[in-house]
Amino acid sequence: MEKGGRSYLGVEIKRPRVAFFELSSCEGCQLQILNNEASLLSFLSLVEIVNFREAMSIRSDDYEIAFVEGSVTRADEEERLKRIRKRAGVLVALGSCACFGGVNQLKNRFNDLEWVKHEVYGDHPVETREVQPLSAFVEVDLSIYGCPVKKEEVEQIVTNLVLGKSVDHPRYPVCMECTAKGNTCLFELGEPCLGPITRAGCDSWCPDNRMGCWGCRGPADEANIIQFREVIRKHNIPEEVMLDRMECFGGFRHILKEMKGKQDKGQME
Amino acid sequence: MKLTCDISVKHLTRVEGHGNIEICIKDGQVEKASWDVVETPRFFEAMLVGKRYENAPYICGRICGICSIGHTLASIRAVERAFAMTPSAQTEKLRLLLKHMETLQSHILHLYFLAAPDFLNATSVLELIEPHPEEVQRAARIKLLANDGADLIGGRRLHPTRTVVGGFTMLPDRSALASLERRLQAVIPDLKQAAELFASFTIPDFNRETEWVSLKGEGSYPFIGGQLISSDGVVKGEDEYLAMTNEYMVDHSTSKWSRLSRKSMAVGALARVNNNSSFLHPLAGEIAALLGLTGLTHNPYMNSIAQLVESVHVVEDSLLLIGELLGSPWQEARQIVTPREGSGVGAVEVPRGILYHYYSFDSSGRITKADCVIPTSQNNANIHYDLHELAAVMADQGKDDREIRRLAEMLVRAYDPCISCSVH
Amino acid sequence: MLFRVFVKKELETLYEILAVNHVVGPTSRGMAKRGKELFAFDYLYDFQDLRLDFTTTTHSLKPFVLPFQETLSSFIIEDGSWEKHVDLNIYKQHVFFGVHACDINALNKLDKVLSEQAYPDPFYTGKRRNMFIIGIDCHPQPFCFCRSMGTDTVLHGFDMYLTDLGDSYFVEIQSARAWDILQQIPTAEPDEEDHRRFVETVEARNREFSCQVDTSDLTKILDLEFQSPVWEEWGKQCLSCGTCANVCPTCYCYGVSEHVDLDLQGASKIRQLYSCNLIDFAEVAGGHNFRPDSSSRLKYRYYHKHRGFQEAFEESLCVGCGRCGQACLAGITVPDVIASVRGQEEENE
Amino acid sequence: MNKLEFVDVMPSQGKFMRKTDLTSFEYSYQAEITSVYPLTATEKLYQIRIIDTGLRQSFNFQPGQFVMLELPGIGEGPFSISSSPTRHGDIELCIRAVGNLTHFLDRVPRGTVVGISGPFGTGFPVEKMEGSDVLLIAGGLGIVPLRAPLFAVLENRSRYKRIDIIYGARKPSELLFTYQHQMWRQFDINLDIIVDEGDADWTGPVGRITEILEKRIEVSSGNLSRKTFAIVCGPPVMFKFVCNMLIDAGLPMQKIFVSLERRMHCGRGKCCRCNIGATYTCLSGPVFDYWEVMNMKEAI
């Protein structure tokens, strides 16, 4: 494919230079992109990858779109992130770690960071701090949710980005996608599921496999938490199970904080 | 000629995670040669404390994107052993099959995307697309098959959705399983071609005597659970994993180090082949012989070759497993879990070596203590000492900077380190 | 209308005769937690899987005529110009073996909008034209209120309709195709005894209905109670998740989105069924939302089904199958909502 | 032999099932953007011509109707035709860049081929208005759908009596079609323009549209002649005030016409997105008389 780019309906489309970076993460989201066996070539003709440590040795600091995976857990990561932000025209938070802190932020629930360090490393000194999503430090232009991200969705998002189309996430919850598939609702089977309050877009990945949703995409717009608690209660599922899941990826952290605040004030029944 | 050089590779590429190589040679003497893991730690062991048991496999799978299936399975095994549960034969077969899919996909990813560019003078697989289209397509084909297989059994190729304590949430579609079988059969010629390709590469000639640690085969090539063995003759039970790993911290690395009978040890494909080659399936055995993998091999660069041999082995083994699974009707997918107080260890051979998860629970099934020992942390010390020795040999041979750097990078890559895993 | 009877064991022959086509029928999906059996319509490959004794299915037949996602058109893009292709996705004849009256009525209602109005939808119509429907008498469930909606019997829209008389089936034949097919199995003209048993069976079934909705003057009452505070209450419970619309046999609204292929050489226009309870259902570009809160959206759903459709077609867009109430995790059911709007909550508790 | 015969819907006959009905569902005319005029910072006027000459000539619409405009892969949306009905398939659309499709349209060059389907919806009954006074009231983008009936009236100016245009915008810079205002006046049209806030160059009145309307009603000494028709287009808040004033001034509800806006995905009375109650804005509207509006819950 020619370097210069092409046009779509008469509008010139540039082939942007794209870089991938990772902070604290499992690198699974990047792997999802490498896992595009069938469409990798089209992907490469759409964008020019100039930095992808997991797959290539050459690196460049000249890029337009930066995909950043992972959350920030150390000062050096914050600096790296800020440097990336300066260079990138568009900064994309790739995956739930980058968007919300991901599983990494589970350690934040211990108030005592020293205990956390000691639990894993004993007396050996290690540096770490409260886990934060990218948005705590820099402006994020676009979030791609999911743990892991869904490659079909990433492809669509990248295509839209290149075309200058806006990227719209579904605003409704996972149930919409799940019931559309004709699945049997997991609550019928006695399983917990965060589908009713979690943002859709994953195509009900987990419920399709009879695993209740864990909320990796964070809350849907207008997630009705009060009613959802009622649902959990009615189905005799321990509230702890719901809280474990809401806590898992960090997407619900604001809501949990609010719930906790209310509880502390004794406002909840 | 007295050689002097200063090599510093900050964030080695084409490996999973962040690690640095430093080599400093002055007048032919190696002053410093080290392998430093600088990945940020994530503290999974702490995260788990206080969580109910079903969180363990779900969260721990996220230690690593490449071997998430292995982590999930090790975690499940630890929980099940703590609760004194025995998985059904069907569950065991499905888990092993799922494990094979991960092994195949990870090995192919490493062989073609991470290692092969070094032998073909390229910086990335992207550069191989034009000169070697069939090879790249072949790699993509095998990887796709392995990924599809993982989707079919585990629900998702990474961070699987169907694997839970007690079994599976859902069983694969039988006709899809049959078609996986056909695709696996069809991939054998591809693997033979891959073997030919790797046979044409010049594997650097470098040997350092090493203690190889793996699961101990009992009648078959081991992947999930069983006794632990080292090539120096140590044999221990699964629960005694701590005595096999002896983790300790060093200053320049955020990942822990390990040792057994010597100052360092190694795990991984080469360790497994070294310790269990008699259990390889016929074609895998043939290919091992063809590629010069016989007897105890102490050349770490041969780890890639061992991965290739294992790729063939897992395909052969998967065919047998699918045959057995399709030979009988589906049984119950999932057992009921009854938590109890206790602790358990799960040892699983993941692509990069032996992985241990350990948890202890209170009577309601909440985790009171967790420990995960990852293959790469078991290898770190060995990589480090290998680098030192390599630098010394190179300095003796008067190799230039570039060559030393190339071989050093290749050496680390040969171990296929999984760094974010190791600093979980 | 023509009637026949045939002995039960001939049902399998009938199935085998029709099995050369795609056969869709009720089949078991295992047990729910509360010990009740779950059923679904699905493709059948074996007579043994056909469960004519099914209670109800969680999902209706809708996906077979209005798939959740459907490509309306695709484009080949070549630089400045493009070409549009429309594939109606009409597949071969399907036999629907074992459909209750409510679901046949639901299809008839969908026809009104999708096939019989201006701009008939060829995607839907094409599938509708290629259906062979075998109806079967139902077993009323505690949540079925089809009798209130006048959809407990069906007058047209099927090929044959079976009523279980114990050792034989009583068949009502509505199409020549059905007649021809029945020629291939031994059937008999129903005699006096069959007539008597048929009437008895129907009466016994009618006695089983327990759930009711008062629909008298409902359109007026809905208008009068447009500002009623009960809507707020229901709105608070609604999860805005769209489940009710997905399981409903008559909800048909959708959204259209366009996608460009990764290689920029093709594009497609896809429609996806939507739900009026989803937050952005009525939001327009720029952010104005005509129904920003869940209560106004939920109200609209009832308003459309029980008032608007009534106004347009003199019937309600609800067949009283009760699926939405069963599937709703918040437990919002049509009988409860309508009773509350009428100010009759207590009676229904 | 038991294979049921496949029924192709295309050649089938029936009341609403003519082949043309079914094929037209996803049909769109290919049309070329022949020119683009930027009007303000966010609005552009697009001249769009159906490429096939025959189809272009047979494309007929009523003022007030809209088309669905489609850019493959980008989006499709409803747009009021803003040109004279006598120009057939050579139409003008005035489009504000607000979302996906409209922003992309903002970028396409002249010559781009778009898809057009329609015309859809109801129109303003301009023939019925002959012999009467016509009051055109537009707020903001509301001037766009008003332009089609205006053209129809201008082309037959002598058949109408007094014609008023009351046009309000937020700022002078947001006024549309300023280049045509002089021409309208030449056709003996009373054009009154008012803005919410003026700028340095603005000499006209500042305030609400209702202020002008009040003056207009005063001219008729508080009572609009029963031979007056009003057409009102603009943001939802405007409708209520303006229409109530007109009713107070004695205008019957059936003589007040409004054009409503709702989200639309098909334009063909299927997708339900534009429903008000169960009334399809795309089939029964967008043009409604005020009696119909009063009878629809949540219409304004």
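All chains are identified by letter, namely A, B, C and D, in their written order; residue positions are counted from 1 within each chain.
Everything below uses one rule, namely that contacts are C-beta pairs under 8 Å (C-beta built on N, C-alpha and C of every residue); 3 or more make two chains touch, one makes a residue touch a chain.
Keep in mind that this is a model prediction, so the values were computed, not measured.
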Neighbouring chains shared between chain A and chain B, ordered by label: none
Chain pair with more C-beta contacts, A-D versus A-C: A-C
Chain closest to the middle [Cα centroid of all protein chains]: A
Separation of chain B from chain C, taking each centre as the mean of its C-alpha atoms, in whole Å: 51
Intercentroid distance (Cα basis), chain C paired with chain A, Å: 37
Centre distance in Å when chain B and chain D are each reduced to the mean of their C-alpha atoms: 66
Approximate Å spacing (C-alpha centroids) for the pair chain A, chain D: 43
For chain B, residues that touch 2 or more chains besides their own: none
Where chain C touches two or more other chains at once, by residue number: 77, 80, 82, 259-261
Per-residue overlap in chain D, given as positions that touch at least 2 other chains: 71-74, 99, 111-113
Chain pairs in mutual contact under the definition given at the outset: A-B, A-C, A-D, C-D
Complex contact set, residues of chain C against chain A: 29-30, 32-33, 38, 40, 58-59, 63, 68-69, 77, 79-80, 82, 236-243, 246-247, 259-264, 272-273, 275, 278-280, 294, 327, 329-331
Residues of chain A touching chain B in the complex: 23-32, 34-35, 37-38, 40-41, 44, 49, 52-59, 73-74, 77, 102-104, 106-107, 110, 115-117, 119-122, 124, 126, 128, 147-148, 205-206, 208-211, 214, 240-241, 244, 248
Of chain B, residues touching chain A in the complex: 11, 13-17, 39-47, 49, 51-52, 55, 58-59, 62-66, 68, 109, 113-114, 117, 123-126, 129, 140-141, 143-144, 147, 155-159, 161-162, 164, 169-170, 249, 254, 420-421
Parts of chain A lying in touch with chain C, wherever the complex brings them together: 6-10, 13, 39, 42-43, 45-46, 155-156, 158-160, 163, 165, 171-173, 175-176, 179-182, 184-185, 187-190, 195-197, 220-222, 224, 226-228, 230-231, 234
In the complex, chain A residues that touch chain D: 8-11, 163-166, 168
